[in-house]
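What follows is subunit A paired twice: with subunit B in the first complex and subunit C in the second.
And now, the complex of A and B:
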């Protein structure tokens, strides 16, 4: 019974990490940048949702839609204010800027909404019982959204003209510009999508993680770890890596003291990366190539 | 190659992030030392940063106390004024803030900080600068043996003893502990374990939790699976405490759930869920369930001003200002030396118990001052003393 409970909570934990990891993947594939503010964008999304709920909006799906739109707009502003001014100084400057804005988001959120996590209503209360397995409807929704986003991203990046243009712009901006791709617009779209995804994720996970609080940095680290484990450049790898991380964390916590879990998981990650430097799915892609 | 460089850059940035402590300035301005029409009281507090929740609660308690005292005419005809420094949870900023208050603002008394590590770092400075300090930490060993340092909070060890005493009164013979994996929770785990051993209660499982996480299914499952008569919860003073309680209740555990004072926070029912909140009994410093007249007046005033019930931390901070006002009233001069003498001689009756200090004992009231509190339909209630 407990193993099943832990598997369910591990899958949800992994799905939450996956939502952050997909943001890393999206930005990395489309722009070549690692955006370390991804976890705190999730927190900002949850807090925006909380503000709407406190204003009396009680249809959570509508809240999610409004927060998604707000996230898309914030992403465009994020690109203009954080990425654009630093991109000419190289990737390290841009990455450093994302780390800086991560701290701004975290402390700004505390100043506006307070430092503690706040309860947030789920889309649908209750649990689904299948034999001994009990799965919250909110957990199910998060799983479904992760799968949906992953399929959407795979199609966008692999099959669509816009997606291929984005990847081309990230791989070789000069060549992409020479063939008529508007590199700046592609980058803005990438950051808008990443912020929108993070904001939506914030509303979805807040009933479980609480809205706000100090979780942003931890989400960033775990999302990044999951993405690197699976292979940052592979949509499937990112999902598998993040979910695997969540399940392993959850199951390990049941058999060893909690304080040992993170060190063991991160040491295991280092070993995996020594053997497979591009992550679990990165290596496979290389072999296939 | 480029990908490898990007990865190295990312790792470098993350490593730098992990080891870097951000630090910047504080805000203060006035240089009053009690001359004129105000008494300026220094405050070192953590209102931003990872532990900002602690400092913000304390700031509210102090604000209310100052407003009440000033509305009633102040002390010796003068108003009280707080000169606050936000240390952002950083030990370096705490000591820098204290020195600034002592040497530039020249206050003779400083309230706070409320974080153990910061309090340990700054307490020796009080004697060095001849400034009275009232700490908001529950560790008497930090203040004992000093000349100018006092504490308001009831000692953490006393909280643990009160929790174990309650479990014993309810007939518990075995127990599990789930504790926050930070200095406060670690000390709680040690104290509860020792107190349980002394009381003849067998500890069958002890598990830490990371207050920075949100999923505690494993810890709750392990504690419940050991089938103890009681589960002790020693929290971190934040919303993760409520999530731990929620997870314990979700296991279907039907024994006693006994929390430290963190579990008397008013957000527990909404965050953990009513069903879970109704099951926990918190041993706390404020009698929320059955308040006397003085406590009720404070609870009502706080709720009217801030729209929420005061946490224990807010209450300690409120009491620290009241204690300061009483000391100013009694002291012949507004100096650290005279204020310390006054505080030691006051035997101040506060809403968290009697603050009786000696040259050897500088901690708050003992285990008897803790009251059992639970929730019913989201409101504070007196537990059924079955």
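And now, the complex of A and C:
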């Protein structure tokens, strides 16, 4: 494949990683823990979408919207059932709980929908041809969604009252409560967004990767790598890191055997982290926005 | 927000608090009347911070009751500020990566206060602590301890509380800066603000307060007006170097 085609697929892959990485970022900033179920939330989103499609809903944009809403609600439940009960027992307890729920999601998905990936329709099958370049409408849609999400989050966190409350609650929960910020609600919003974005990613990526299957762990790993590469504590950082990771992976795959790509990328990540321990965007002390 | 109410503005009755097996407060009775400045002194580990957080509505007592303006303290910690309680926490607890101005503005988060009113309140705080005026856009983490303490007090004032609860505001400050902070507190008190001051520095606390409590191992062991406290043998030997 040509460099330019690989760039297109790399950007799409990176955009999907970015949606996963944003979940890592939101959860990390709000609670200080890493949520290892992040990738499996994507799979759940894809499978929920599949169920809707099988019910006869064939407007995939509508499916995506419904799955996003379902994801937001699931995120609130996730916070209440998985995070809240464990958070007074320290970070390790919470992280262990996310690993547990990761297995519940993965195996639960297999039990309900079967272990194999299922074909899933894209929003649009067409291809846009600009001179030599061919870009699928599905790729375009994924890019637009990620750009929209990035702008939306920047506005939410940087400009809105809720966003200021979230940043304050993440920085110092006790002080936030003292000034009247409902810290539990802010945390619930962060988990809702993390799950919602992952579920949305699930519907968008399913036409490429199939819905369901065993990709959850890989997505967790890639989303996490992208987030750490850019700087886990920076919104901008995790998006750039994740997109960069997707592009590098795709381009590398053209020149070296597939099985070398992951090891090389991860070694590169370690080197980056040795030089810049807070990631590419972590040089300055980071804020949520 | 002043409600014409009988009885104290803030009242703890038999307040109990535990950290797991550790009993930090073992039934504390304490009250602050409207317009009064009350201090709590006591050694390290006496339970002063725990008391400040219960009084500020940030922790819920395991036993006993806490009343504000005659009504029970709200269950949710973030609702205390709406009841006229301002907490200045031990160790200042600023929103570190934010500017002075943002910290102060976050002080009026709860009421969704209109921008013009926020500006007015900012002005008042800057008048009280003039050093903050030129530092409005500085990140608080790069400020001196004294300046940070002023931001912490200012942030609590932004909600226009009826009572200000301060947990060791002099901690780590030079005598000069401590003096500036306490001058501001004195001015606020003259303006009618009620104050609950937690302090290890007893002479300093006695200058500001009308009444006081000595807390030890989670219990009030001495209480009275400042004259009574200054006369008390326990207080004199342990806190006034007599």
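The criterion applied here is as follows: the second predicted complex is superposed on the first by the 280 of 289 C-alpha atoms of A that agree within 3 Å, B and C clash if a C-alpha of one lies under 4 Å from a C-alpha of the other, contacts with A are read in each partner's own complex, and residues count from 1 in each chain.
Note that in this section a residue touches a chain if its C-beta (ideal position, glycine included) is under 8 Å from a C-beta of that chain, and two chains touch if they have at least 3 such contacts.
Since the structure is predicted, the reported quantities are computational estimates derived from the model, not experimental observations.
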Touching partner for A:242 - first (subunit B), second (subunit C), both, neither: neither
Which superposed partner A:6 touches (first subunit B, second subunit C, both, neither): first
Contacts of A:50 with subunit B and subunit C, given as first, second, both or neither: neither
First, second, both or neither for A:168, with subunit B first and subunit C second: second
Touching partner for A:193 - first (subunit B), second (subunit C), both, neither: neither
Which superposed partner A:15 touches (first subunit B, second subunit C, both, neither): neither
Touching partner for A:253 - first (subunit B), second (subunit C), both, neither: first
Larger contact residue set on subunit A - subunit B or subunit C: B
First, second, both or neither for A:180, with subunit B first and subunit C second: second
Overlap of subunit C and subunit B interfaces on subunit A (superposed complexes): none
Residues on subunit C engaged by subunit A in the complex (per definition of touch): 56, 58, 76-82, 86-87, 89, 93-98, 102, 106-112, 141, 155-156, 159
Subunit C contact footprint on subunit A (complex, rising order): 161, 164-165, 167-168, 171-172, 174-183, 285-287
Of all residues in subunit B, those that touch subunit A in their complex: 5-6, 9-10, 13-14, 17, 22, 48-53, 56, 181, 207-210, 212-215, 217-219, 221-222, 225, 238-240, 243, 267, 270-271
Subunit B partner contacts - residues on subunit A that touch it in the complex: 2, 5-6, 9, 12-13, 32, 34, 36, 91-92, 95-96, 99, 103, 107, 110-111, 114-119, 208-210, 213-215, 218, 221, 224, 250, 253-254, 257-259, 262
